[in-house]
Structure formats: structure tokens, C-alpha cells
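Sending over a structure as C-alpha cells; questions will come in a sec.
Labels for the chains are A, B, C and D, by order of writing; each one numbers its residues from 1.
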Amino acid sequence: MEHFDFIEMKLPAKPEYVGVIRLSVSGIANRMGFTYEDIEDLKVAISEAMTNATTHAYEENEGGEVTIGFGVYADRLEVMVADHGGSFNLSDVKKQTGPYQQSESIENLREGGFGLFLIDALMDKVEIKSGYGVIVLMTKNLPTNEVGLDDDQISTTQ
Amino acid sequence: MEHFDFIEMKLPAKPEYVGVIRLSVSGIANRMGFTYEDIEDLKVAISEAMTNATTHAYEENEGGEVTIGFGVYADRLEVMVADHGGSFNLSDVKKQTGPYQQSESIENLREGGFGLFLIDALMDKVEIKSGYGVIVLMTKNLPTNEVGLDDDQISTTQ
Amino acid sequence: MNINLSIDVIEKDNQTELIVTGEIDAFTAPLLKEKLLPATAKESEKIIVNLQDVAYMDSTGLGVFISALKSTKEHGSTLTLVNLQERVHRLFKITSLDSIIAIDTTVRGGE
Amino acid sequence: MNINLSIDVIEKDNQTELIVTGEIDAFTAPLLKEKLLPATAKESEKIIVNLQDVAYMDSTGLGVFISALKSTKEHGSTLTLVNLQERVHRLFKITSLDSIIAIDTTVRGGE
């Protein structure tokens, strides 16, 4: 079986913890060797998924929690964001997903309509599963190293 | 009961993930309003506990994992670091804990002897429990706000 | 609790400038909305949002600017975003929202 | 895998300077040890470790410097740490290791 490391986080489904998740994913992705640009993409995508999860929790009026799993592979990072409980109409969400179209009137633009679209645009692969809660499973590939391995690679964290 | 938020992380007991934990605790502590100095203390203390846990896992030759729990209270942060499995002689560890004494010969200084001492020096309260694995439970209090509440407090993350 | 966003509001004749510092996400976006929306409700007000010191933004920020744009259309005010960092500007381009929200790219922060 | 530590080694007559950049923790300390220990094994070598760009260090870093100090005593070399940031210096003070490890405080980084 393909080897990977697994990291799991459970947090209250509250918006104040979205920033915590961003720092965590930033640490994991930096350690894996992702570029600055890719790390920024990951931060946005995971924040969007966590924001969706906290919104569901809020709508359901529950003090729920969000589970985030990171699968660290040699060539990619898989991130799973799951909220527990609360139902979710997947086809409704998919209908709302897309960039702004010139034909749409500004009045009809949805304030919260771009989250899933951004996840899809910024990650290499995205799957959404709905059942008891919602699971967003997204993958970002590490760039294949075509310049050859450089032992003395310099990198600094924030 | 006193209200608190709970955040849990599970990571492979490997040194390459110590930096990830530092970023996560930094995010949580920053959100709670800890000072820069206190956040640096927390980063060291939690890294020390995680390093201990990864060392035990290594000695036991297991692909173990470390569980870290953060209890976010109004006036303090409680951090629990637990490794699973591997026995641990608590009294041996406590004997080794202390600053360097002029009477000690340099030859007898232990390379890894300052981890628990630093945790104790940098945190407000520390408990170590040994049984099936080791649990380090440490508390850092938020400074009591004597200057009064300032709504327009400016803060930036890294 | 600390909030990683601060907003300075500078009001002149018929002009409101918001200087935004920090991160715009689900936690902080309500604060931005609270400071921005009242300005857009003033007839013929010119609103400038300076995003030079915003290093992070996601769709919650886009949502606030969509609300603000709607409000300007209702009340006859105008909204312009200035000094966007490349990463932040990119989100407006990906979503095509740069076709309806005025973004002044003559000066851009973070480059 | 990325390692957040880089070490430049500058060798002159009887003097080795290590310029350390990044974070010293359980993951990166072995790299520091690997670069530092061989220098301490040279008789009458003067070793300077410049920590100006080390923003984070914990007891694993203290452990490396203890090993290096032991090695200097065995081999007749010397070890001096320079340009410590206040936070890093603090760890040597808390543990009283500043009484046995030479730290040049005339120039200090990060202040």
C-alpha cells in the first residue's frame, strides 16, 4: 500500500478557528515542500471548506465540530474536511457553483456563492460527499521536481 | 461548568511534525490574545513535549502517534500532550530535571536533559502522568487585562 | 479573543476611504461589512477600500464586496478597491468579479 | 520534505564560522550537529556560531551545543555563540548554560 502520514484535527465549528487551520495547513504544506503560491491556494481552499462547515453548524444551531484530515503522501496532500450532522442538498450547492457570468444580474449574485468554486479552482481534485454531514475531499499535487534534487535547499518558516 | 472550546490534533510521532504543532499553537494562542512573548513560550513548551513523545515512540520502535489537546478557556490555555504506549520511568525523568548546576561536571551534562525543565519554567502549571504512555498537561494563563478593554486593538498574524 | 483585522476609516467631503489591515475570513468579514456598508448607503459617496495590508482573503471577503456593490447600485454611491496584493487580486480574476467590481490596478501593493 | 534550517560554513585559518538560518528543533538539530561537531574535533580550532537568523530554538538546540562544548574540551578547540536573538539567549539564561557556554553579547541579533 502507498505510504502516507495522517494528521487529524478536530475543532469547534466556529469561524474564529478558521485562522488556526490556515496556519496548520501552512506548516504541513511548507514541510512537504509546496511553493509559496500553492500554500496560499491550500490556505484559501481549506478555509472555504471550514467556513462551509461552520455555516452548516450555525444553521443547524448546534455546537458542532469539524474534523479535518491531512493525508501526507510523497507526491500530494489530501485534505478531508467533514462536518457532522446537518443535512445538505448537494445538487443545490452544485447549481450555485461557478464564476460570475456577464448574463447574471448583480442583484442575483449570492454573497456566499464562491466558496466551492474557489476550492475547485485552486485544488487539483475535489470530491464532495453528502450524507450524515458533508465531506469535502480535496487533493493538491506537489510539483514534480524537474530541476533535480538540491540538498542545500533553503527555506524558512514564518 | 466552566465553558471551554476543545481542539484535538493527532499526528505521527515523528520529529518533522514538531514545526506543524508550533504553527497550530501559535494560531490558537494568537487568537486568544496571548502576547508575543507568551506565544513563544508556548511554542517551546509544546515542542518539548512533542519531542519527548517522538523520542519515546522512536525508542519503542513503533510507528506511534501523538495526541495533542488544547483547552481554550476564557482565562487560560490548557495543553495536553499524550503519547500512546511505551513505558516511562517518571521518577528517573524528574531526577534529570533542573538547570545546570556549577557543581556538575560538563562531561555529565545530558544532551536531552532540559526539555521538561523548560516546560516547567515556561508554563504556569505542569502535570506529568505516566501509565500507558505519558501525558503532559500544561497550563498558560492569559495576562489579566488591567489596562481595560480596547476595542480597536490591532493585531496581525504572521 | 483577538481579531486579526483592523480598519481605519478616513472621511472627507463625499469620500470615504477604508484602510484595511490583516486577514479577511469568515471570522473577520462581519467587521469589514459593518464598517463598509454604512458608507455605501450615502448618496453619491465615493468609497475607496485600500487593501494594501491585506495578505489573506477568501470568498467571505468577496461576499462583503458583492453586498457593498449592490448597496452602491441602490444608493447611487461608488466603490473602488485599490492596492490589492497579487494573491487577493487573483481571487477577483478567477471568479470574474473583476468585471463588475472596480479595481484600480495602477498602484498595486505587495509587489 | 523541506527542512527549515540552512547552515553556511565559512572556514579560515584555524577558524570555522557557522551561519545558521531557520529553526532549531528535534527535526533540524541533527543537521546542525552534523555540521558543527566535525569542526570542534580540530585541535585549537576557533568555532563561531552565528545565530542571528535563528528565530526559534528549543532544548534540542541546547543539546547540540552541549555536545559541541564537550567535544571542544576533548580536542582543545573553542566554541563561541554570537548574535543570539533575545528569545534564543533567554533559553541559555533560564537553564544557566550561559555560565559554561561562551556567548558573545556585544552584538546581538533581532533587537
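Operating definition for what follows: a contact is a pair of C-beta atoms (placed from the backbone, for glycine too) under 8 Å apart; a residue touches a chain by one contact, two chains touch by 3 or more.
A quick map from chain label to UniProt name: A, B = Serine-protein kinase RsbW; C, D = Anti-sigma factor antagonist.
Note that the structure is a prediction, hence the values are computed from the model and not measured.
J.: By that same contact rule, can you tell me which chains touch subunit A (Serine-protein kinase RsbW) and subunit C (Anti-sigma factor antagonist) alike?
T.: B
J.: Compute the distance, rounded to whole Å, between the mean C-alpha positions of subunit A (Serine-protein kinase RsbW) and subunit B (Serine-protein kinase RsbW).
T.: Computed value for the inter-centroid distance: 28 Å.
J.: Determine the centre-to-centre distance between subunit C (Anti-sigma factor antagonist) and subunit D (Anti-sigma factor antagonist), using the mean Cα coordinates as centres, and give it in whole Å.
T.: A distance of 47 Å separates the two centres.
J.: Taking the mean of the CA coordinates per chain, how far is subunit B (Serine-protein kinase RsbW) from subunit D (Anti-sigma factor antagonist) in Å?
T.: Measuring from centre to centre gives 24 Å for this pair.
J.: CA centre of subunit A (Serine-protein kinase RsbW) versus CA centre of subunit D (Anti-sigma factor antagonist): separation in Å?
T.: 39
J.: Could you pull out the residues of subunit D (Anti-sigma factor antagonist) that touch at least 2 other chains?
T.: 1, 4, 23
J.: Find every residue in subunit B (Serine-protein kinase RsbW) that makes contact with two or more other chains and list them.
T.: 16, 19, 22, 30-31, 157
J.: Should the pattern of chain-chain touching be classed as line, ring, star, complete or other?
T.: other
J.: Okay, what are all the chain pairs that touch?
T.: A-B, A-C, A-D, B-C, B-D
J.: Which residues of subunit B (Serine-protein kinase RsbW) touch subunit C (Anti-sigma factor antagonist) in their complex?
T.: Result: residues 30-33, 152-157 of subunit B (Serine-protein kinase RsbW) touch subunit C (Anti-sigma factor antagonist).
J.: Can you check the complex and tell me which residues of subunit D (Anti-sigma factor antagonist) touch subunit A (Serine-protein kinase RsbW)?
T.: 1-4, 6, 21-23
J.: Which part of subunit D (Anti-sigma factor antagonist) faces subunit B (Serine-protein kinase RsbW) closely enough to touch in the complex?
T.: Result: residues 1, 4, 23, 25-27, 56, 58-60, 62-64, 66-67, 69-70, 73, 87, 91, 94-97, 99-100 of subunit D (Anti-sigma factor antagonist) touch subunit B (Serine-protein kinase RsbW).
J.: Hey, which residues of subunit A (Serine-protein kinase RsbW) end up touching subunit C (Anti-sigma factor antagonist) in the complex?
T.: 15-16, 18-19, 22, 40, 43-44, 47-48, 50-51, 54-55, 99-102, 106-107, 109-115, 117-118, 121-122
J.: Using the touch definition up top, name the residues of subunit B (Serine-protein kinase RsbW) that touch subunit A (Serine-protein kinase RsbW) in the complex.
T.: Where subunit B (Serine-protein kinase RsbW) meets subunit A (Serine-protein kinase RsbW), its residues are 5-12, 14, 16-17, 19-24, 26-28, 30-31, 157-158.
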